[in-house]
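The first chain written gets the first letter, and so on, giving A, B and C; residue counts start at 1 in each chain.
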Amino acid sequence: MDEPINLVLFSGTDDKLQAAAVMTAGAAALGRRVNIFLQYWALDAFRKDRIATGRGLSAEAGEAGAALVAAAAKAGQSPWHETLRQAKELGEVDIQACSLSMDVLKIEEDDLDPLVDGVEGVTAFYINAGDGHIVFI
Amino acid sequence: MDEPINLVLFSGTDDKLQAAAVMTAGAAALGRRVNIFLQYWALDAFRKDRIATGRGLSAEAGEAGAALVAAAAKAGQSPWHETLRQAKELGEVDIQACSLSMDVLKIEEDDLDPLVDGVEGVTAFYINAGDGHIVFI
Amino acid sequence: MDEPINLVLFSGTDDKLQAAAVMTAGAAALGRRVNIFLQYWALDAFRKDRIATGRGLSAEAGEAGAALVAAAAKAGQSPWHETLRQAKELGEVDIQACSLSMDVLKIEEDDLDPLVDGVEGVTAFYINAGDGHIVFI
(Lines give C-alpha, C1' and ligand atoms only; values in the text may rest on other atoms or scores of the structure.)
Protein backbone atom coordinates (compact mmCIF):
# COMPACT_ATOMS: atom_id res chain seq x y z
CA MET A 1 0.00 0.00 0.00
CA ASP A 2 3.05 2.31 0.06
CA GLU A 3 3.25 2.31 -3.72
CA PRO A 4 1.54 5.07 -5.69
CA ILE A 5 -1.60 4.63 -7.77
CA ASN A 6 -0.74 5.50 -11.37
CA LEU A 7 -3.50 6.66 -13.69
CA VAL A 8 -2.93 6.96 -17.42
CA LEU A 9 -5.69 9.24 -18.65
CA PHE A 10 -6.44 8.88 -22.34
CA SER A 11 -10.11 9.85 -22.65
CA GLY A 12 -11.22 13.44 -22.29
CA THR A 13 -14.96 13.05 -21.87
CA ASP A 14 -16.50 14.55 -18.75
CA ASP A 15 -17.77 11.21 -17.44
CA LYS A 16 -14.40 9.41 -17.67
CA LEU A 17 -12.55 12.41 -16.25
CA GLN A 18 -15.04 12.48 -13.38
CA ALA A 19 -14.43 8.77 -12.72
CA ALA A 20 -10.67 9.44 -12.75
CA ALA A 21 -11.02 12.42 -10.42
CA VAL A 22 -13.06 10.38 -7.94
CA MET A 23 -10.46 7.58 -7.97
CA THR A 24 -7.76 10.20 -7.39
CA ALA A 25 -9.62 11.85 -4.53
CA GLY A 26 -10.32 8.49 -2.89
CA ALA A 27 -6.68 7.46 -3.04
CA ALA A 28 -5.52 10.84 -1.74
CA ALA A 29 -8.01 10.61 1.14
CA LEU A 30 -6.37 7.31 2.08
CA GLY A 31 -2.94 8.96 2.08
CA ARG A 32 -1.73 7.27 -1.09
CA ARG A 33 0.33 9.07 -3.70
CA VAL A 34 -1.26 9.40 -7.13
CA ASN A 35 0.63 9.89 -10.40
CA ILE A 36 -1.43 10.97 -13.38
CA PHE A 37 -0.08 10.74 -16.95
CA LEU A 38 -2.06 12.66 -19.59
CA GLN A 39 -2.32 11.35 -23.13
CA TYR A 40 -4.29 12.38 -26.19
CA TRP A 41 -7.82 13.63 -25.49
CA ALA A 42 -7.36 13.74 -21.74
CA LEU A 43 -4.32 15.97 -22.28
CA ASP A 44 -6.39 18.20 -24.55
CA ALA A 45 -8.94 18.56 -21.74
CA PHE A 46 -6.26 20.14 -19.50
CA ARG A 47 -5.62 23.11 -21.84
CA LYS A 48 -6.15 26.16 -19.67
CA ASP A 49 -8.51 27.74 -22.19
CA ARG A 50 -10.71 24.63 -22.30
CA ILE A 51 -10.54 23.02 -18.87
CA ALA A 52 -13.79 24.61 -17.66
CA THR A 53 -15.65 23.88 -20.90
CA GLY A 54 -17.87 20.81 -20.97
CA ARG A 55 -16.45 18.24 -23.39
CA GLY A 56 -19.39 15.92 -23.75
CA LEU A 57 -19.79 12.34 -22.56
CA SER A 58 -18.95 8.88 -23.84
CA ALA A 59 -21.02 8.00 -26.91
CA GLU A 60 -22.87 5.34 -24.93
CA ALA A 61 -24.29 7.87 -22.43
CA GLY A 62 -27.15 8.72 -24.76
CA GLU A 63 -29.61 11.54 -24.18
CA ALA A 64 -31.05 10.05 -21.00
CA GLY A 65 -27.58 9.65 -19.48
CA ALA A 66 -26.55 13.16 -20.49
CA ALA A 67 -29.66 14.60 -18.84
CA LEU A 68 -28.86 12.80 -15.56
CA VAL A 69 -25.24 13.99 -15.56
CA ALA A 70 -26.37 17.56 -16.29
CA ALA A 71 -28.90 17.38 -13.45
CA ALA A 72 -26.20 16.17 -11.04
CA ALA A 73 -23.97 19.09 -12.01
CA LYS A 74 -26.86 21.50 -11.49
CA ALA A 75 -27.55 19.92 -8.09
CA GLY A 76 -24.02 20.81 -7.04
CA GLN A 77 -21.71 17.95 -8.03
CA SER A 78 -18.20 19.36 -8.44
CA PRO A 79 -16.79 19.23 -11.96
CA TRP A 80 -13.84 16.84 -12.42
CA HIS A 81 -11.19 19.60 -12.44
CA GLU A 82 -12.49 20.93 -9.11
CA THR A 83 -12.37 17.44 -7.59
CA LEU A 84 -8.79 17.09 -8.84
CA ARG A 85 -7.85 20.49 -7.42
CA GLN A 86 -9.20 19.47 -4.02
CA ALA A 87 -7.37 16.14 -4.22
CA LYS A 88 -4.11 18.00 -4.88
CA GLU A 89 -4.67 20.15 -1.80
CA LEU A 90 -5.53 17.11 0.29
CA GLY A 91 -2.76 14.75 -0.73
CA GLU A 92 0.19 14.02 -2.99
CA VAL A 93 -1.07 14.12 -6.56
CA ASP A 94 1.38 14.65 -9.43
CA ILE A 95 0.01 15.35 -12.91
CA GLN A 96 2.34 14.99 -15.90
CA ALA A 97 1.67 15.51 -19.61
CA CYS A 98 2.93 12.84 -22.02
CA SER A 99 5.61 14.48 -24.19
CA LEU A 100 4.63 12.47 -27.25
CA SER A 101 0.98 13.50 -27.00
CA MET A 102 2.12 17.12 -26.58
CA ASP A 103 3.84 16.81 -29.97
CA VAL A 104 0.89 15.13 -31.70
CA LEU A 105 -1.63 17.68 -30.45
CA LYS A 106 0.78 20.62 -30.88
CA ILE A 107 0.34 21.71 -27.28
CA GLU A 108 2.99 23.80 -25.47
CA GLU A 109 3.57 23.64 -21.72
CA ASP A 110 2.26 27.21 -21.50
CA ASP A 111 -1.09 26.11 -22.89
CA LEU A 112 -1.76 23.83 -19.93
CA ASP A 113 -3.72 24.56 -16.77
CA PRO A 114 -1.62 24.97 -13.59
CA LEU A 115 -3.06 21.65 -12.38
CA VAL A 116 -0.44 20.05 -14.63
CA ASP A 117 2.94 19.80 -12.88
CA GLY A 118 5.16 19.04 -15.87
CA VAL A 119 5.88 17.08 -19.02
CA GLU A 120 7.57 13.68 -19.17
CA GLY A 121 8.11 10.68 -21.43
CA VAL A 122 6.68 7.23 -20.94
CA THR A 123 9.88 5.80 -19.44
CA ALA A 124 9.87 8.48 -16.73
CA PHE A 125 6.24 7.57 -16.08
CA TYR A 126 7.15 3.92 -15.52
CA ILE A 127 10.04 4.81 -13.25
CA ASN A 128 7.82 7.03 -11.08
CA ALA A 129 5.11 4.37 -11.08
CA GLY A 130 7.42 1.94 -9.31
CA ASP A 131 5.53 -1.18 -8.33
CA GLY A 132 2.22 0.67 -7.98
CA HIS A 133 -0.90 -0.11 -9.96
CA ILE A 134 -1.22 1.24 -13.48
CA VAL A 135 -4.80 2.05 -14.43
CA PHE A 136 -5.68 3.18 -17.97
CA ILE A 137 -8.82 5.30 -18.19
CA MET B 1 -1.38 -14.28 -6.38
CA ASP B 2 -3.34 -14.20 -3.08
CA GLU B 3 -4.52 -10.68 -3.76
CA PRO B 4 -7.89 -10.12 -5.46
CA ILE B 5 -8.37 -8.88 -8.99
CA ASN B 6 -10.27 -5.60 -8.85
CA LEU B 7 -12.31 -4.51 -11.84
CA VAL B 8 -13.74 -1.01 -12.09
CA LEU B 9 -16.49 -1.26 -14.69
CA PHE B 10 -17.39 2.05 -16.28
CA SER B 11 -18.66 1.10 -19.75
CA GLY B 12 -22.01 -0.58 -20.20
CA THR B 13 -21.77 -1.78 -23.78
CA ASP B 14 -22.29 -5.50 -24.34
CA ASP B 15 -18.81 -6.08 -25.77
CA LYS B 16 -16.95 -4.47 -22.85
CA LEU B 17 -19.20 -6.17 -20.29
CA GLN B 18 -18.53 -9.48 -22.04
CA ALA B 19 -14.77 -8.85 -21.85
CA ALA B 20 -15.14 -8.05 -18.15
CA ALA B 21 -17.24 -11.16 -17.53
CA VAL B 22 -14.65 -13.37 -19.23
CA MET B 23 -11.84 -11.85 -17.15
CA THR B 24 -13.94 -12.44 -14.03
CA ALA B 25 -14.72 -16.05 -14.93
CA GLY B 26 -11.07 -16.76 -15.75
CA ALA B 27 -9.88 -15.36 -12.43
CA ALA B 28 -12.59 -17.26 -10.52
CA ALA B 29 -11.61 -20.48 -12.31
CA LEU B 30 -8.07 -19.96 -11.01
CA GLY B 31 -9.39 -19.57 -7.46
CA ARG B 32 -8.73 -15.84 -7.26
CA ARG B 33 -11.11 -13.44 -5.58
CA VAL B 34 -12.64 -10.79 -7.83
CA ASN B 35 -14.02 -7.43 -6.65
CA ILE B 36 -16.13 -5.53 -9.14
CA PHE B 37 -16.98 -1.83 -8.67
CA LEU B 38 -19.76 -0.47 -10.90
CA GLN B 39 -19.69 3.11 -12.12
CA TYR B 40 -21.78 5.14 -14.55
CA TRP B 41 -22.98 3.20 -17.62
CA ALA B 42 -21.84 -0.17 -16.31
CA LEU B 43 -23.91 0.46 -13.19
CA ASP B 44 -26.90 1.37 -15.36
CA ALA B 45 -26.50 -1.99 -17.14
CA PHE B 46 -27.10 -3.82 -13.81
CA ARG B 47 -30.60 -2.37 -13.27
CA LYS B 48 -32.82 -5.39 -12.86
CA ASP B 49 -35.30 -4.16 -15.46
CA ARG B 50 -32.55 -3.71 -18.08
CA ILE B 51 -29.92 -6.36 -17.38
CA ALA B 52 -31.26 -8.76 -20.00
CA THR B 53 -31.73 -6.04 -22.62
CA GLY B 54 -29.03 -5.66 -25.23
CA ARG B 55 -27.27 -2.30 -24.79
CA GLY B 56 -25.39 -2.04 -28.05
CA LEU B 57 -21.66 -2.20 -28.69
CA SER B 58 -18.74 0.22 -28.66
CA ALA B 59 -19.03 2.76 -31.47
CA GLU B 60 -16.02 1.24 -33.21
CA ALA B 61 -17.71 -2.16 -33.66
CA GLY B 62 -19.45 -1.01 -36.80
CA GLU B 63 -22.10 -3.00 -38.63
CA ALA B 64 -19.80 -5.87 -39.52
CA GLY B 65 -18.68 -6.26 -35.91
CA ALA B 66 -22.24 -6.09 -34.63
CA ALA B 67 -23.30 -8.83 -37.04
CA LEU B 68 -20.49 -11.11 -35.80
CA VAL B 69 -21.36 -10.52 -32.14
CA ALA B 70 -25.05 -11.20 -32.87
CA ALA B 71 -24.14 -14.42 -34.69
CA ALA B 72 -22.04 -15.60 -31.73
CA ALA B 73 -24.97 -14.98 -29.37
CA LYS B 74 -27.27 -16.91 -31.69
CA ALA B 75 -24.74 -19.75 -31.82
CA GLY B 76 -25.00 -20.07 -28.07
CA GLN B 77 -22.45 -17.73 -26.47
CA SER B 78 -23.67 -16.84 -22.98
CA PRO B 79 -24.56 -13.20 -22.42
CA TRP B 80 -22.26 -11.33 -20.03
CA HIS B 81 -24.68 -11.43 -17.08
CA GLU B 82 -24.98 -15.22 -17.39
CA THR B 83 -21.17 -15.57 -17.45
CA LEU B 84 -20.98 -13.40 -14.32
CA ARG B 85 -23.68 -15.45 -12.59
CA GLN B 86 -21.73 -18.64 -13.29
CA ALA B 87 -18.52 -17.01 -12.06
CA LYS B 88 -20.25 -16.09 -8.80
CA GLU B 89 -21.34 -19.72 -8.33
CA LEU B 90 -17.87 -20.96 -9.14
CA GLY B 91 -15.76 -18.62 -7.05
CA GLU B 92 -15.56 -15.58 -4.83
CA VAL B 93 -16.90 -12.64 -6.81
CA ASP B 94 -18.15 -9.53 -5.02
CA ILE B 95 -20.03 -6.87 -7.00
CA GLN B 96 -20.49 -3.41 -5.48
CA ALA B 97 -22.20 -0.34 -6.89
CA CYS B 98 -20.36 3.00 -6.59
CA SER B 99 -22.42 5.20 -4.25
CA LEU B 100 -21.56 8.36 -6.17
CA SER B 101 -22.71 6.89 -9.48
CA MET B 102 -25.93 5.72 -7.77
CA ASP B 103 -26.60 9.39 -6.91
CA VAL B 104 -25.77 10.71 -10.37
CA LEU B 105 -27.95 8.15 -12.15
CA LYS B 106 -30.70 8.31 -9.49
CA ILE B 107 -30.61 4.56 -8.95
CA GLU B 108 -31.83 2.98 -5.70
CA GLU B 109 -30.43 -0.28 -4.32
CA ASP B 110 -33.81 -1.87 -5.01
CA ASP B 111 -33.45 -1.11 -8.72
CA LEU B 112 -30.40 -3.35 -9.05
CA ASP B 113 -30.21 -6.98 -10.13
CA PRO B 114 -29.45 -9.49 -7.31
CA LEU B 115 -26.02 -9.99 -8.93
CA VAL B 116 -25.04 -6.78 -7.13
CA ASP B 117 -24.00 -7.45 -3.53
CA GLY B 118 -24.11 -3.91 -2.17
CA VAL B 119 -23.21 -0.25 -2.47
CA GLU B 120 -19.92 1.31 -1.37
CA GLY B 121 -17.77 4.41 -1.80
CA VAL B 122 -14.44 4.61 -3.58
CA THR B 123 -12.38 4.46 -0.37
CA ALA B 124 -14.07 1.18 0.61
CA PHE B 125 -13.24 -0.08 -2.87
CA TYR B 126 -9.55 0.72 -2.40
CA ILE B 127 -9.46 -0.90 1.02
CA ASN B 128 -11.03 -4.12 -0.30
CA ALA B 129 -8.70 -4.04 -3.32
CA GLY B 130 -5.68 -4.36 -1.05
CA ASP B 131 -2.55 -4.85 -3.11
CA GLY B 132 -4.40 -6.55 -5.96
CA HIS B 133 -4.53 -5.29 -9.53
CA ILE B 134 -6.95 -2.52 -10.41
CA VAL B 135 -8.29 -2.81 -13.94
CA PHE B 136 -10.56 -0.11 -15.42
CA ILE B 137 -12.84 -1.34 -18.17
CA MET C 1 9.96 -4.58 -11.22
CA ASP C 2 10.81 -8.11 -12.39
CA GLU C 3 7.18 -8.82 -13.16
CA PRO C 4 5.88 -8.32 -16.70
CA ILE C 5 3.53 -5.53 -17.78
CA ASN C 6 0.35 -7.12 -19.10
CA LEU C 7 -1.78 -5.21 -21.56
CA VAL C 8 -5.26 -6.38 -22.48
CA LEU C 9 -6.05 -4.62 -25.75
CA PHE C 10 -9.76 -4.33 -26.48
CA SER C 11 -10.06 -1.19 -28.62
CA GLY C 12 -8.86 -1.16 -32.19
CA THR C 13 -8.84 2.55 -32.94
CA ASP C 14 -5.54 4.03 -34.12
CA ASP C 15 -5.22 6.40 -31.17
CA LYS C 16 -5.68 3.71 -28.48
CA LEU C 17 -3.40 1.28 -30.33
CA GLN C 18 -0.78 4.04 -30.56
CA ALA C 19 -1.06 4.65 -26.80
CA ALA C 20 -0.67 0.90 -26.22
CA ALA C 21 2.34 0.71 -28.56
CA VAL C 22 4.05 3.59 -26.77
CA MET C 23 3.48 1.96 -23.38
CA THR C 24 4.90 -1.28 -24.79
CA ALA C 25 7.97 0.40 -26.28
CA GLY C 26 8.64 2.29 -23.05
CA ALA C 27 8.47 -0.86 -20.96
CA ALA C 28 10.67 -2.76 -23.42
CA ALA C 29 13.22 0.08 -23.36
CA LEU C 30 13.40 -0.36 -19.59
CA GLY C 31 14.06 -4.09 -20.00
CA ARG C 32 10.64 -5.17 -18.76
CA ARG C 33 8.74 -8.04 -20.34
CA VAL C 34 5.41 -7.15 -21.92
CA ASN C 35 2.52 -9.57 -22.49
CA ILE C 36 -0.23 -8.38 -24.81
CA PHE C 37 -3.62 -10.11 -24.95
CA LEU C 38 -5.81 -9.18 -27.93
CA GLN C 39 -9.58 -9.09 -27.60
CA TYR C 40 -12.42 -7.97 -29.85
CA TRP C 41 -11.66 -4.89 -31.99
CA ALA C 42 -7.98 -4.81 -31.12
CA LEU C 43 -7.73 -8.41 -32.31
CA ASP C 44 -9.48 -7.44 -35.54
CA ALA C 45 -6.85 -4.73 -36.06
CA PHE C 46 -4.11 -7.40 -36.16
CA ARG C 47 -5.54 -9.22 -39.20
CA LYS C 48 -2.71 -9.29 -41.70
CA ASP C 49 -4.89 -7.89 -44.47
CA ARG C 50 -5.95 -4.91 -42.34
CA ILE C 51 -3.06 -4.10 -40.04
CA ALA C 52 -1.71 -1.32 -42.28
CA THR C 53 -5.15 0.17 -42.91
CA GLY C 54 -6.16 3.17 -40.84
CA ARG C 55 -9.05 2.23 -38.55
CA GLY C 56 -10.20 5.62 -37.42
CA LEU C 57 -10.01 7.22 -34.00
CA SER C 58 -12.09 7.25 -30.82
CA ALA C 59 -15.41 9.01 -31.36
CA GLU C 60 -14.33 11.84 -29.06
CA ALA C 61 -11.36 12.82 -31.29
CA GLY C 62 -13.59 14.91 -33.51
CA GLU C 63 -12.47 16.51 -36.74
CA ALA C 64 -9.88 18.77 -35.15
CA GLY C 65 -8.27 15.83 -33.34
CA ALA C 66 -8.28 13.69 -36.45
CA ALA C 67 -6.53 16.44 -38.41
CA LEU C 68 -3.78 16.70 -35.77
CA VAL C 69 -3.22 12.93 -35.71
CA ALA C 70 -3.09 12.84 -39.52
CA ALA C 71 -0.57 15.70 -39.54
CA ALA C 72 1.64 13.86 -37.02
CA ALA C 73 1.60 10.75 -39.22
CA LYS C 74 2.53 12.84 -42.25
CA ALA C 75 5.35 14.46 -40.27
CA GLY C 76 6.84 11.01 -39.71
CA GLN C 77 5.31 9.52 -36.55
CA SER C 78 5.52 5.73 -36.81
CA PRO C 79 2.19 3.93 -37.01
CA TRP C 80 1.36 1.77 -33.98
CA HIS C 81 2.22 -1.55 -35.68
CA GLU C 82 5.68 -0.22 -36.59
CA THR C 83 6.26 0.91 -33.00
CA LEU C 84 5.23 -2.54 -31.79
CA ARG C 85 7.51 -4.24 -34.30
CA GLN C 86 10.44 -2.17 -33.06
CA ALA C 87 9.53 -2.94 -29.44
CA LYS C 88 9.58 -6.67 -30.24
CA GLU C 89 13.08 -6.33 -31.73
CA LEU C 90 14.25 -4.32 -28.76
CA GLY C 91 12.85 -6.38 -25.91
CA GLU C 92 10.70 -9.27 -24.78
CA VAL C 93 7.19 -8.65 -26.07
CA ASP C 94 4.73 -11.52 -26.42
CA ILE C 95 1.46 -10.95 -28.27
CA GLN C 96 -1.36 -13.48 -27.86
CA ALA C 97 -4.84 -13.53 -29.38
CA CYS C 98 -7.77 -14.31 -27.04
CA SER C 99 -9.23 -17.63 -28.18
CA LEU C 100 -12.78 -16.58 -27.33
CA SER C 101 -12.52 -13.39 -29.38
CA MET C 102 -11.11 -15.46 -32.27
CA ASP C 103 -14.33 -17.49 -32.19
CA VAL C 104 -16.64 -14.48 -31.97
CA LEU C 105 -14.96 -12.65 -34.85
CA LYS C 106 -14.46 -15.85 -36.87
CA ILE C 107 -10.72 -15.22 -37.21
CA GLU C 108 -8.27 -18.08 -37.89
CA GLU C 109 -4.64 -18.03 -36.73
CA ASP C 110 -3.60 -17.81 -40.39
CA ASP C 111 -5.47 -14.53 -40.76
CA LEU C 112 -3.24 -12.78 -38.21
CA ASP C 113 -0.15 -10.67 -38.81
CA PRO C 114 3.17 -12.33 -37.81
CA LEU C 115 3.38 -9.80 -34.94
CA VAL C 116 0.98 -12.15 -33.13
CA ASP C 117 2.84 -15.01 -31.42
CA GLY C 118 -0.08 -17.33 -30.69
CA VAL C 119 -3.57 -17.89 -29.35
CA GLU C 120 -4.45 -18.53 -25.71
CA GLY C 121 -7.37 -18.48 -23.28
CA VAL C 122 -7.90 -16.05 -20.45
CA THR C 123 -6.59 -18.43 -17.77
CA ALA C 124 -3.29 -18.80 -19.66
CA PHE C 125 -3.16 -15.02 -19.82
CA TYR C 126 -3.51 -14.74 -16.04
CA ILE C 127 -0.87 -17.37 -15.43
CA ASN C 128 1.64 -15.62 -17.70
CA ALA C 129 0.76 -12.28 -16.12
CA GLY C 130 2.00 -13.49 -12.74
CA ASP C 131 2.03 -10.64 -10.26
CA GLY C 132 2.58 -8.00 -12.95
CA HIS C 133 0.25 -5.11 -13.67
CA ILE C 134 -2.81 -5.73 -15.79
CA VAL C 135 -3.77 -2.73 -17.91
CA PHE C 136 -6.96 -2.73 -20.00
CA ILE C 137 -6.83 -0.44 -23.03
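Everything that follows uses one rule, which is that a residue touches a chain if its C-beta (ideal position, glycine included) is under 8 Å from a C-beta of that chain, and two chains touch if they have at least 3 such contacts.
On a predicted model such as this, the values are computed, not experimentally measured, just so you know.
Residue numbering shows that subunit B and subunit C use the same positions for less than half of their mutual interface. Copies subunit A and subunit B of the same sequence differ in orientation by 120 degrees, per CA superposition (steps of 5).
Centre-to-centre separation of subunit B and subunit C, using mean CA positions: 23 Å.
Listed for subunit B are residues 58-59, 133, 135-136, each touching two or more other chains. Across the interface of their complex, subunit A is touched by residues 8, 10-13, 39-41, 44, 55-56, 58-59, 98, 100, 103-106, 121-123, 125-127, 130-131, 133-136 of subunit B. For subunit A in complex with subunit B, the residues that touch the partner chain are 1, 5, 15-16, 19, 22-23, 25-27, 29-30, 32, 58-61, 65, 68-69, 72, 77, 133, 135-137.
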